[in-house]
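In what comes next, subunit A is part of two complexes: it sits with subunit B in the first one and with subunit C in the second one.
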Partner chain A sequence: MVIPVLIGMTLIVFFILRLIPGNPAQLILGQRATKESLEALTSQLGLDQPWYIQYFSYMKGLFTGDIGTSIRTGAPISQEIWPFFIATIELSVVALLIAIVIGMNAGVISAWFQNSWFDYTAMVIALVGISMPIFWLGLMDQWFFSIDLGWLPSTGRENVRDPVTPITNFYLIDTLIQGDFSQLNVVVKHLILPACALGTISMAIIARITRSSMLEVMRSDYIRTAQAKGMRMFWVVYKHGLKNALIPVLTVIGMQMGILLGGAVLTETIFGWPGIGRYIYEAINFRDYPVIQTGILIVAAFFVLINLVVDLLYAAIDPRIKYH
Partner chain B sequence: MEVKNLTTSFFTDDGIIPAVDHVSFHINKGEILGVVGESGCGKSVTSLSIMGLVPNPPGKIISGEILLNGEDLTKLPEKRMRQIRGNDVAMIFQEPMTSLNPVYTIGNQLVEAIRLHQKMDKKQARNRAIEIMKHVGLPRAEELIDDYPHQLSGGMRQRVMIAMAMVCEPKLLIADEPTTALDVTIQAQILRLMKKLNENDQTAIMLITHDLGVVAEVCERVVVMYAGKIVEEGDVESIYEHPKHPYTIGLIKSVPDVHMKIDKLYSIPGNVPKPGSIKQGCAFAARCEFATNRCFTETPPLLDMGHGKSVRCFLHETVEDVSYSV
Partner chain C sequence: MKTNRLLFMLLGAFLLSMALVGCSKSGQDDQVDSTAKAGKKSFVFARGGDSVSLDPSEVTDSESENVSQSILETLVTFDEGKTTIAPLLATEWEEADNGLTYTFKLREGVKFQDGTDFNAEAVVYNFERWMNGKDAAKFPVYASAFRGFKGDETHNLQAVEAVDANTVKFTLKHVMPTFLKTLALTPFSISSPAAIDKYGEDYSGHPVGTGPFAFEEWKRNDRIVLNKNKEYWLEGYPKLDQVIFRTIGDNTARLNALMSGEIDMMDGVDPGNIQQIEADKNLQILSRPSLNIGYLGLTVTRKPFDNKLVRQALNYAIDKDEMIKAFFGGQAVAAKNPIPPAVEGYNDDVDAYPYDVKKAKELLAEAGYPNGFSMELWAMPVSRPYMPDANKVSVFLQSSFAKIGVKAKIVTYEWATYLEKTKAGEADSFLLGWTGANGDADDFIYSLWHKDNIGSLNSTQYSNDEVNELLTEARSVTDEGKRNELYQQVQEIMHDDAPIIPLVHTTPVLAARGDLIGFDPHPTGRVITTKIDFK
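Entry: the complex of A and B
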């Protein structure tokens, strides 16, 4: 399943890119470039070949492990893209963790105390959270927490005057490995605002799904059985209820991870986060075909991978689900 | 255990509905009491009231006492109630297919029940679980303990439920229609098991059912309920041989008899009234062939007939009637 999906993905991206007007050679050489130099560069980039030759050489590269070279910088994409990609993963994972911890608990407690003030408040906030445009929320966060209160930095990923020495490019992990806690503090502070802004919608969606799934589970006979054993309600809810309610929640979490990866562009732009969203965005401006193709392919591959993990987790959670 | 004047009502948009209405009965030590009645007559709510598990809101115990060894369960704080649930009073439910948690193994759920009330480490509790599984007649208990509920048949699941309920040797076991969802052959096995446990362990059982055949097989005394009220109470033989309340008579008549070839099975005319819909008079009056005008205006009291028997019907008020029935 995974391979055909990814091949289909390369096809779609490849053709849509070539439908966008604009010539990379023109963009590199500028408006005043001569016809000869334009033609020379176009043929050097291989863009004068018929589309199927271009596609096949691209695919051939992929299968031999060569993900291409940037038209704009001339550097291999494999070297360039990694830090950007990791930066996005770090941001998305932290955003998702915040969304899961807060969203899931809010959903569980809302279902447990259905129609209580907590339930109403949490669900109104969740509704607002879903409807909130992320760029607006990001700007408001910046204005309030960094400009007004001055608690947190507004943009970037690190202190540019004292950059983190990358090892894995996950700065949280890098600073921990190096035992540099003042740097860790800086990195965490830079993460909080963009992660919260990015995670808000996911948090709201997770809260609502958890609540509705839990409400259904809490009516089950086995919940009554657990209560009849003399179990504390907290454990009835979190042990017997939550695990049964987890399947739809997990599905949503998997999809949200993909959406966060792809949708981080806005957040990354607002918060000056050097992630893959911004990397691809800049590549689009320069019609840097190989970078766009590969960037989108990597995000798509990651999305497919996460869904695979989610499918495997289903079986781990529910013994009635088996894969052959 | 003694239930005195228990009233449990549901507060709904249509008003307050008394699902259990001034119900009093008792269960002696080591006794099997049958509670009989059609669906919606308040049997299950009575048992949930005893367990303190009436869904609240909308349900609430309005009045009455539930005395277990002198302790009134209706007044206990939740913490003490949790110690009683599963330990002194255990319950098994109608649907063995859905009453076990599908995502945990049988062993996990049994061990959990043990460790909630007894100080045991995981290993000891597991051994105890295997022991109780064998006790309720589950084969290959050592392997079965690591199975998930969906790998078991309905009868086996109900045995697991019984094992789970019996694991702390409760004084009272409430069985809410334990055999309704099972095949007839499995029903007999489960009933025999419950009878055996009752005899061996001296556990009192409150057996809730709509099946008079089940009652005849295992119970000593019977309480017949109708529309939230007790309409007749007595020992099994006298209720079968000399039923007094027209509703009980109807119930017994509707059990098909293999020796009689008939074209049409008997059924009590009409339906069980919606709880709370009858404001005055006897709740059964509309379906009763002996009903008089008085039955529609006055609520009959529960008449003590002596020998532990009682009936809620005007027919037995007069002396002649009493002599007729004894």
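Entry: the complex of A and C
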């Protein structure tokens, strides 16, 4: 299944890109472009070839392990893309963790004390969270936590005046391996604002899904039985209730990871985060076809992978689900 | 009761976990970033986009050039704050044979950052690399300045020779009055021949020059790090140990980073934020003298703009001062000519079209449109230094034209299509502008209004025989006074022909830390780091 999905991806992306108006050569050369230089660049980039030749040479490259060269910078994509991709994964994972911890707990407690003031407050906050534009929230966070309070840095992944030495490009891991706790502190501080801003919407969605799934489970007979046995309510809710309410929540979490990965563009732009979203976004502005194609392909492949992991997790959580 | 107590306990636990996750370590009051980490004096400049290449000869974008200027140097440069020529790698020069040969004496004892010598051979090597480029896409600025490459009929550079170790002689085929200003352009920076040989195709990621800072690291879309060139030829400079160019896409986020001290200087300040920055005593505003023009082009081949009276009428219909106050944050001057006042040859005797609705209506009636007409008004989809917010300006123009009975429909396309279509003369009227590269009138007027550039850069399709002749003549005269006279005549004719409505010359604004000194906000938009220091 995975391979056909990815090949379908390449086709769709390839054609949609070419439907966007705008000649890459014009965008690269800018306003000063002359007719001659435009023609020369267009043919140098191979953009004067028919579409099927362009597509086949792209596919041939992919199958031989060549993911292409940026037409704007001339740099091989394989060299540039990994640090961006990993930066985005680090950001998305932390954002998702924040969203899961807070969102799930809020959802569980709301369901437990349905129609209490906590329930109402949490769900109103969740509604606001879903509707909150990230760019606005991000700028407000920067203004409050960086400028007004001066607690956290507003942009970037690290202190550029004293950068982290990358090993895996996961800076949390790199600084731990190096045992450099002052750098770890700096890295964590840089992560907090963008991760919170990015995680807000997911947090709200997870909270709402957890609540509705829990409400259903909490009405079932075995919960009443557990309560009747005299088991403490906390364990009833978190052990018996949550475990059974988890399947839809897990589905949503899996989807959220994909959405965070692809949707980090705004967060990355506002927080100057050198991630893949911005890498692709910049490339779209310059119609840098190879970069856009490869970038989207990698994100898509990762999304497919996460779906696979989620499917496998279903079986781990619910013994009734088995894969043959 | 029991439920309520439990609820409170859970709430407490929830809030605690939120505090732990959301704000861990945030309570510490240590400074987030410090300028003098380990005693190093570093300077962080933030801009909206990353460089494309660090070999300036192969690019045309200012984000690339602005970084190269710290690493590589040209033979001559511009004076501080002006567009007159000053020595840099060449200490003196001589023009001979009626402007067909130029002989440069090079600065002695200068070394490239890789330790090799800068000398006449190195200069010759660089120029031969460009003139044998054979590919307009590879060295675009060389190709347009010297009209092609070696072997092309139009190619204007006959020869570049090393007379002795520190003397270089250039021989031209035709007179080129802008020759010195051209050599001052960043794409003509001299690279280390050894480095070009060593890195080959990868040279654009490993530039080596004679500049005040040496290239250290480039993390694309994030930052470019340069370290002090300890062997720099100018005694006592540079003052900084490190220069970092950062990319932060959003204008407001960039300003936030400046206010929190993470960066030291930024470009692309929104006009709406200027007051706020001026009020902050930790920050300062630096304005560059204007070297651009933002205008509304009127395509003279389209009806009714083929009628001069119509074009003049539209010129009378706009209150530029009001527009500048409202949409340019006051950071612009009203334009009356197609070149900015900072350019030599600017004609200040031209009387600007006053704001006069009655006169505009009279002219329209005279032209046969007493009830006005309908037209398309194209607005650029992007922000440019000469036109930060084309959308708002177009709405302002629309309402101005409505007062004289002209109904304008606002149209926009994405940027590449916009440029292509305007060049092809498909717009009735269009917002556009130009930023001068070398500060010469030729770069503005010849490029945009000579008939040779119709289909290329002359988007209004304007062609006036007298203007064409004067512009061609100005290209063959090296006497500055005579050239300036010719350009002044052109401006008078163009004022009357009115192929455009000159709108504004904007003054691009930078914001910086209050204690930053030694920065020259040059009109060409350069980022010159040599003399920057902190008080």
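Assorted remarks:
One rule holds in what follows: the second predicted complex is superposed on the first by the 312 of 324 C-alpha atoms of A that agree within 3 Å, B and C clash if a C-alpha of one lies under 4 Å from a C-alpha of the other, contacts with A are read in each partner's own complex, and residues count from 1 in each chain.
The rule is simple: a residue touches a chain if its C-beta (ideal position, glycine included) is under 8 Å from a C-beta of that chain, and two chains touch if they have at least 3 such contacts.
Bear in mind the structure is a predicted one, so any value in this text is a computation, not a measurement.
When the two complexes are overlaid on subunit A, subunit B and subunit C sit side by side with no clash.
When the two complexes are overlaid on their common chain A, residue A:H240 makes contact with subunit B while staying clear of subunit C. Contacts of A:I317 after superposition on the shared chain: subunit B is touched, whereas subunit C is not. By the touch criterion defined above, A:P50 lies against neither subunit B nor subunit C after alignment on the C-alpha atoms of chain A. In the superposed model, A:V101 makes contact with subunit C only, not with subunit B. Once you line the two complexes up on chain A, you'll see the smallest CA to CA distance from subunit B to subunit C is 9 Å.
On subunit A, the patch touched by subunit B and the patch touched by subunit C do not overlap at any residue. Note for the complex: subunit C touches subunit A at residues 3, 6-7, 10-11, 14, 17-18, 21-28, 32-35, 37-38, 40, 42, 44, 46, 49-50, 52-53, 60-61, 135-137, 140, 143-144, 201, 204-205, 219-223, 225, 242, 244, 246-250, 252-254, 256-257, 259-260, 262-263, 413-417, 419-420, 434, 437, 455-457. Of all residues in subunit B, only 51, 53, 82-87, 90-91, 93, 95, 98-104, 112-113, 116-117, 148, 150, 161, 164 touch subunit A in the complex they form.
Of all the residues in subunit A, the ones that touch subunit B in their complex are 220-222, 224-232, 240, 243-244, 317-320. Those residues of subunit A lying in contact with subunit C across their complex are 20-37, 40-41, 44, 72-75, 80, 83-84, 97-98, 101-102, 105-106, 109, 113, 116, 118, 135, 138-139, 142-143, 145-147, 150-157, 159-162, 185, 188-189, 192, 196, 233-234, 269-272, 274, 278-279, 282, 287.
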